[in-house]
Amino acid sequence: MKTNRHRLDKIYLSLISFISLFGVVILVLVFAYIFNKGTRLLSWNLIVGDYYPEVYNARSDGVIGENMFVRPENLSENAWFSAKWGIALEDNADFEGKNYIKVVYIDKNSPLANMPDKNDTNHMVGLKKGHSLDKVIFTNNVIVLSREGAQNAILLFDEAEGIADIIFSKPGNGIRGSLITTGYLILFTLIIALPLGIFTAIYLNEFANPGRWYVKWLRRLVETLTGVPSIIYGLFGAALFIPFISSITSSEGGNILTGALTLSVMVLPIVISATEDALKAIPDDFRHASLALGANRSQTTFKIVLRAAIPGILSGVLLSIGRIIGESAALIYAVGTAIKDKIILTEKSTSLSVFIWSVMSGENPNFELAASVAIIIMIFVLLLNLGIKIISSKFIFKHN
Amino acid sequence: MPNVIEIKNLTFKYKDKIALHNIDIAFPARQVTALIGPSGCGKSTLLRCLNRMNDLIEQTAISGEITYEGKDIYDRYYDVIELRTKIGMVFQKPNPFPMSIFDNVAYGPRCQGVKEKKKLQEIVKKALLDAALYEEVKDRLKESAMSLSGGQQQRLCIARAIAMNPQVILMDEPTSALDPIATAKIEELISDLKTSYTIIIVTHNMQQAARISDFTAFFLMGNLVEYGETDQIFSKPLQPKTEEYITGRFG
Amino acid sequence: MPRLLLIPAIISASFVILIIMFVIQKGASPFLFSSYGDQKVSFIRFMMGQTWFIPPNEYGILYIVINTVYVVSLAAIISSPIAIFSGLFIAKIVPKIFKNLFQTVVELLAAIPSIIYGVFGLGVITKFVVRIASLGGIQTAGGISGMATVLVLAVMIYPTITLMSVTAINTVDHDLGKASLALGATKIQTLFKVTLASAKPGIITGIVLGLGRALGEATAVSMVAGNAGSGPVFDLFKTTRTLTSTMLLGIKETSGLDYDIRFSVGVVLIFIIIAFNILLGHFKKKAGRFA
């Protein structure tokens, strides 16, 4: 009797424990996937680079000496070096698996480092490390194509006498524009949502008479905002804020400002509940002490109570930032999905999350790029969560 | 009078603090034994040792021997679940489960695998009758136990324990959360119950101990100071400390 | 001062009303006016339709509603038991030193943005579906399917339900568990019959929140659901189409009938969410009868 029942109990407990590992497994899988896919592209260039590649078209008038350049020692084994032109090339593949030739080294005295632009001969352009070599037509009419490989290209380079036409490009897929846009969205959203949310929370917690019918309704309506799906916020932003901003600025359609307005409605319940939680945690003694010193209620609220609520408000801010960084559906409607390198507040642009949406929703989803941006987003999310944990362990429980 | 539970040389530690020190005591069958003493004297700890509820608390150590029906209940092979079906417990605050009155009383038997509806109904009815609650609740067995008054809830908890048909019922200050009228009802119930059950009750209330118990044990700072028939303890205590306590000079 | 503070409070509270007003206003226009050179859309056919778009002006949404309810229900059916067990595990079973670790894991899952679940869904879950399908010799559209949608949603609502379950279980009076053990119940019996039973209202709230999240979840779902032109689709290996994926996928212009009709889909979503909340609020009352 005993052993049977106890064993059964143990089996069930182990079964529950085993099933509960689901969360751990999912978290590990998500992280493993995005890190596995995304680390290759993760670089400084990704963060500061433009999204759109820039294509150069030039010719070279440079005088070429014979084998005047020396192969640098730190060059990888896969790199092919031309002593004649002072460049090293390597085979590379883009996210669609298409081969291209990547410039991995260029001597600063190489004739290719300084060439007149074909479209504007007064303007000089130069091949740089990291560029992709797309097409070269030499003066002897031999053509080099990117897909034919680096070794072939170097051989032809070494035979050639001059360059009639060279097309090369600075690779794109950088997220600088989206990073800046995300920053703007956070900034403007908080500028709108913080005062509105904090004042609402102060009214509801400090001044409103909770028994009144209209106070109950105010509270109920504010709480209902929490359950609104983000795509509905997007529709709302598109229906109200886009026409509104269009009417007061020269913008057409969604833009960063309409996005910020939409997001500020979305994070409003977060700010309000975080502030209210912080206000509730402040003991009434605080308020009474200030009132007893002759301060009136407004002074008490704004000088004493609000100051004590700052950590709580701060954790609300961090939660809001997390929501803004992660938001995609609302912004797809309220702003749009066009990736931009030059950021203008009254024009479309993408946040990091919408950037992922854009690169994933084309004909050929760019998993690698999406995963590297996902890594960046996850780093933000982890830092924000850590911040919230620190705040709540250091400040909020002090009051209790 | 045979003893149901015998305790020999029991020492109980919580963290590094000794909560019970070398206790030797035996509880006679079908009698009410009251454990008295000031707060923190170890009487409740002793009670919880008897059905091994202290197992749930971490960082405790126990030495010595507690035998129930001649078997050591702290033996590695002793079935603690079996033990708890034989030794019921009533807690300080009434704690009915958030389910119907019927389901509360039927809970224990159901856990033991009783499924037959008729049998359960019998058990519940008998337990409620024994706990003097049946007349008050017979028309609303399907209602939530939370709708009962505090005193009724506590009697329900007693019924819940009785439904297991235990030999011993442990009561940990069962009336401390109740008003005087509800308390009187419970005391009356305890006197009725002792014809069929061995009752061990922890109480803070001297008069209560004197009114309802046959034997009384007085504890002080983890030690058993004096143990004997209630009449003797309250009229001619052997130990000066006992006298001081029951006459209200400390505690 | 208090009067002045009433103004921000009223603004904050008014947004819910504004949202419903503006979305309905725009969502109703395809049925009321013929603008942009388009004919009016039949409301009846919209509500009863089995095909999303029949040119030039017929839209149908009934099958999409059915698809949505179908995948969301399946996701909840898969996720809820796992989440409730996890809640029980975190609150009552796991040794104290690991408690925080498991809690943090679930909190992190809750903090992962839906776009990342979308990437994960398209990169991992669809591949998994392809593998499962190939076992039965079934062809899928690269794993883009109802099953992928269900799995992504199940993963996404798991942390919501788990965290609510933990909170609900933690608020159950410890005395109840002790009383059950003292009656000779085993730990499992105590956990299921007393702890879970007492935490039921809170757990159901968690499931409602999870369902709300699943119904409104757009980005991740759109990435794995596909865009089935007609239905309803019950075959889990076929592409499906939910209300939210309909709103997000295939937007070509930001004006015109094809754009405005997506607001009508949004209105339907709003009403479904309201209906779900009322329905489950009712269940919750029933479950909380004894609490």
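Labels for the chains are A, B and C, by order of writing; each one numbers its residues from 1.
Definition applied: a contact is a pair of C-beta atoms (placed from the backbone, for glycine too) under 8 Å apart; a residue touches a chain by one contact, two chains touch by 3 or more.
A quick note: this is a predicted structure, and the numbers were derived from the prediction, not measured.
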Chain located farthest away, centre of subunit C as origin (C-alpha): B
Innermost chain, taking as reference the mean of every protein Cα atom displayed: C
Most contacted chain pair (by C-beta pair count): A-C
Centroid distance [mean C-alpha coordinates] between subunit B and subunit A, Å: 63
Distance between the centres, which are taken as Cα means, of subunit C and subunit B, whole angstrom: 50
Whole-Å gap between the CA centroids of subunit A and subunit C: 25
Per-residue multi-chain contacts in subunit A, two or more chains: 5-6
Subunit C residues counted as touching two or more neighbouring chains: 186
In subunit B, residues with contacts to at least two other chains: 81-82
Subunit C partner contacts - residues on subunit A that touch it in the complex: 5-6, 8-9, 12-13, 16-17, 19-20, 22-24, 26-27, 29-30, 33-34, 37, 195-197, 199-200, 202-204, 207-208, 217-219, 221-222, 224-225, 227-233, 235-236, 238-240, 253-254, 265, 268, 272, 297-298, 322, 325-329, 332-333, 336, 353-354, 356-357, 360-361, 365, 367, 370-371, 374, 377-378, 381-382, 384-385
Of subunit C, residues touching subunit A in the complex: 1-2, 5-6, 8-19, 22-23, 25-27, 81-82, 85-86, 88-90, 93-94, 102, 105-109, 111-120, 122-124, 155, 158-159, 162, 186-188, 209, 212-213, 215-219, 223, 244, 247-248, 251, 254, 262-263, 266, 269-270, 273, 277
Contacting residues of subunit B [partner subunit C, same complex]: 51, 53, 56, 81-85, 88-89, 91, 93, 95, 97-100, 107-108, 110-112, 144-146, 157, 160-161, 164
Of subunit C, residues touching subunit B in the complex: 173, 175-176, 178-186, 189, 193-194, 197-198, 289-291
